[in-house]
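Each of the two complexes below includes chain A, the first together with chain B, the second together with chain C.
Moving on, here comes the complex of A and B:
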């Protein structure tokens, strides 16, 4: 029982991050009807931008020293005399990193928003009104372009980046068994959930969210009601690339930074189709379910098998419900 | 100028090569291939072999995507299945079947196995299409490669480190050089291209095209979607299985990572660049997709003088060029190179009159 709870919680934590990645794919689909196969590579760019702004730039000679490691007097005093690996020590280590974490996240957000905007303007806008096949294949071509560009710009194969939150171990009792977690994972999950919830609320209640929903409903009617559809498109892409930047930063702290981060996009794509392309709730449930199933598979069959869980799950769901768990059925006219 | 293209009988109208220009083109190509096999240097033979293997697979994808209109991003898995089935059968049957006849036993079995698994993967196509099918096939590709890499199957598949493959043995003629393999590959590729051209002229091929144009309308006309969608999947998987068999005979070792997503994307990209739903489309597409990395390599060596520091940029550049090629054709010439050649031929045909 103890093991089960532990793995279920681990699964929920990775499920939250899947949901955060998925929200980018769903938002772009809702607004533009394009399914972005290259979203994983947008995330990889986010991770590399975080690495650039949080590790490479603070490491330069011209960068101010407080950026690389912030050491005010009170911090140094507090650190003295602490035993190794104490929770307090972990928190203080994190405080040292705060300036470069903030710098890294802001930098990643801005840089990724620019990348998203460039993609939208150069590749997606000329394709408005084209067939689904053409749009899918353009994003497939984008995969190669982005992964090639990343390996030209960033030479590092694999590296580590500072955690977003203090990485102190946390122990607590649940259902009579001890659960062991890392603080950073917990905070990552909270960040992911807050952003996901925020976007759902935004699409529901704000003016630009209503514009997105109106465009999703009927493009030409939205146009005639005074909504600037191209603006909605670029807003959706910026939304996807900024959430992607945060997801990338979180993934980079969890798994280290490497070109293989792009592959996450494919398993998340499977999750999105499982939940139903245009349903935030369905996608959220699917992400959590896949996260838990992955953790259970990891526990019972070993880490290798976890990586195909999303693919097996999507095949099973598509055979039973062709439009996903909560997706709306398309009506076709001959 | 095509004139005198008058048909007096239905049989003449329904021939595969229904005018003298097509016949001349086919016989001329055969002659050219024979000369190529005799006189080309080793490097050209190597490139041509790569093209031939890819061509067989792209012809298969063309049947599915170009003619039936079902998008698949997982055909690399079928190439893998063909290659691994041939290798595993060859290892398993050594001593039971004489080596001279091995080729004629294992290749048909490999094709049959891939066709069968093609039907299995095609089952979702009855309920989902377009994007959903693309992701379903993508998922199937990941699962197949994952299973091949598993330690549990490593005694047969070799696992992550790959497995040595046999040489082709045609009735005692061991094809152990690239030039000999080129003869086999070019004959097989040529035959499969003609077979595909023949297919679309038959009842089955016309049913495929009807399904592509509008599947529900086709069903109302009495075309069984179940039967023809699965036939299309089986045929295209069989072509890919054949390509995989040639792959296994051509290279001395196969690795699971050679058949990952990259290969599946390459197959679809070659089809898009060449032109979907046209017989010559795969030929043009494969030429461009195989030549492009080589051209970049040559240019890079020319501009940098071949120093090692810049060598690391070559493979990302090839990747970017591949993506740009795909995007360029989708945005600017969605019907592919075949459409360009069509225009040129039409202009030549009407010369010196209107050129439109």
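Moving on, here comes the complex of A and C:
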């Protein structure tokens, strides 16, 4: 039972990250009906921006030394004599990095929001009123542009970034087994859940959320009711970019920085389809379910099956419910 | 003139020489070409971009030495994005463009080697090296024109397992990416472990990128393995696995194969995450670039790098990935030159025969001593240990041949 809990928690932690990635795809789809195939690359940009502001800039000669490593006397004294890889050591290492982590997150949020805004204004808005298919194809083209641009700006060098939260090990006894978790993963999960919950509440209870829902329902009617549809488009892209920046930063802390980060978006597309392209709740449940299924399959059947089993489940769901678990059925007037 | 048997033979030989020489001259191009596909973009672009400058260095070095029997050699490199189909298209394009002048090709993955292998027939056959150490390729009967510039992954596993046995190890875990690259030596490794009396307590496949580290570390902890061999990773997953295990407090000793042995990556991890790679060991077929006292060829590379890559990080350090490529090019050049010196035409068959027969060859320091091609591979390597203080991989064993 203890082991079951261990792997279930591991799965939930992965699922939360999937949900955070998926939320950007759903936001853009809800507002614009465009499936953004380039979302993974938007996340990759977020990761690179976090790297730029948390590693490259603090490492420059002209940058203040406290930005690269904050070392007040009390911190240095506390670190002295601590054994290697001790939990307290991990927390103090993180404290030392706090200025550049904050700088990195703020920088990534702003820079990625600007990128999202530029994409929306220069590539998407001119296509408003055109076929949705054309807009989707633009996002496919965007993949090449963004991966090429990232190679030019940051090169293809692999590198590593500081954890957003202290990565101290967390151990506790449950059902006779020792459960072991990584502190940073727990905080990442918490961040993902808070962001996800915040977006759901925003869509349900704020004016902007109502505008997004109205636009998703019918753009022409929303227009006629005085809703600025272009603004809704713009907000959706900014929302996707900023959540993408956080998802990118978290992915970079787990996997390091490399151009392969862009590929994560594709695996999450299946989860989005399973949950329903226009349903935040559906996508959240699908992400959690896939995360847990992956961890359980890995535990019981091994890695060769772990990538297959959850996606067989996705297929099964789509066969029974083509619009996903909570997706809206499209009704077309003939 | 009286025609007897001697004068008839002499006249026939002279006529053949006069008529035949222009044909031979016509067949020999003004320059030879060696094509290459590199992952300059895509998931392994980090490695591809570090390897690309090696071709510039090789072109300068080989041509300064007189090319192939006086004929210069030119390298044509193209991006594959680490997609085997792109590498195949690049190969076909180079063949169509360069024709008989192209005498060899260098591919960037096992997938590309396997995809191009069926094309290597008759007129289209070319000698072919790559970045791959896939065991399947080390077979002259099935892959007569393809070769490997070091030990196959199976041989690397043998070296590591023998090293574990020598240390008295009794249990080992295999953690590998669920790719062809990762799975390659697993079955063979199990057989070797059994032969050496080492129990394989865990076989764990992971995603090649973005693996679920807590789950894998939990399984490693449950297995109680004394040693863990990591296979099928380049820049990611393996450092996170080791970091996770250290935070978990596991005493497991980690070992890796060639692609997990690059100083640049190990240094970056140490700088960002601390010294958790302390004690990490792995098998390297070649000397590291800083160990060039007994490696005259490395000294030549170093002098050229200073001149050609001044002001860049490549000025002082050649990555292990670039060294592997240079070794592959050196093997090809040796076979080309041996063929030309024997007065044979540079066909794939002639070159392949010379390459297969390379024996007791002094590479100028790549390996611990003279090497011999066996099954189109060089089955030599050495175990190194990473020192987080100095940032160097230090030898942990003698040169081992399996």
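Note that the second predicted complex is superposed on the first by the 312 of 334 C-alpha atoms of A that agree within 3 Å, B and C clash if a C-alpha of one lies under 4 Å from a C-alpha of the other, contacts with A are read in each partner's own complex, and residues count from 1 in each chain.
As a working rule, a contact is a pair of C-beta atoms (placed from the backbone, for glycine too) under 8 Å apart; a residue touches a chain by one contact, two chains touch by 3 or more.
None of the values given here were measured: they were computed from a predicted structure.
Once the complexes are laid over each other on chain A, chain B and chain C cannot both fit and instead clash. Of the two partner chains placed around the shared chain by superposition, neither chain B nor chain C is touched by A:206.
By the touch criterion stated above, A:304 is placed in contact with chain B and with chain C alike.
When both complexes are overlaid on chain A, the residue A:260 reaches chain C alone and has no touch with chain B. When the two complexes are overlaid on their common chain A, residue A:147 makes contact with chain B and with chain C alike. Shared-chain residue A:167: touches chain C; no touch with chain B.
Once the two complexes are laid over each other on the shared chain, residue contacts for A:137 go to chain B alone; chain C is not touched.
Contacts of A:228 after superposition: neither chain B nor chain C is touched.
When the two complexes are overlaid on their common chain A, residue A:69 makes contact with neither chain B nor chain C. Applying the stated touch rule to the two superposed structures, the overlap between the chain B and chain C interfaces on chain A comprises residues 147-148, 151, 155, 304, 307.
For chain A in complex with chain B, the residues that touch the partner chain are 35, 123, 126-127, 130, 132-134, 136-138, 140-149, 151-152, 155, 266, 269-270, 273, 277, 304, 307-308, 310-312, 314-315, 318-319, 322-323, 332, 334.
Listed in rising order, the residues of chain C touching chain A in the complex are 40-43, 45-46, 48-49, 178, 203-207, 209-210, 212-219, 221-222, 234-237, 239-240, 244, 246-249, 265, 268-269, 271-276.
Chain contact summary for the complex, chain B toward chain A: residues 71, 73, 123-124, 127-128, 130-132, 134-136, 138-140, 142-143, 146, 150, 214, 216-217, 220, 261, 265, 268-269, 272, 312-313, 315-320, 322-327, 330-331, 334. Only residues 3, 6-7, 10-11, 13-14, 55, 84-85, 90, 93, 147-148, 151, 155-162, 167-169, 180-182, 185, 251, 254-256, 258-260, 263-264, 294-295, 298-299, 302-304, 306-307 of chain A touch chain C when the two sit together in their complex.
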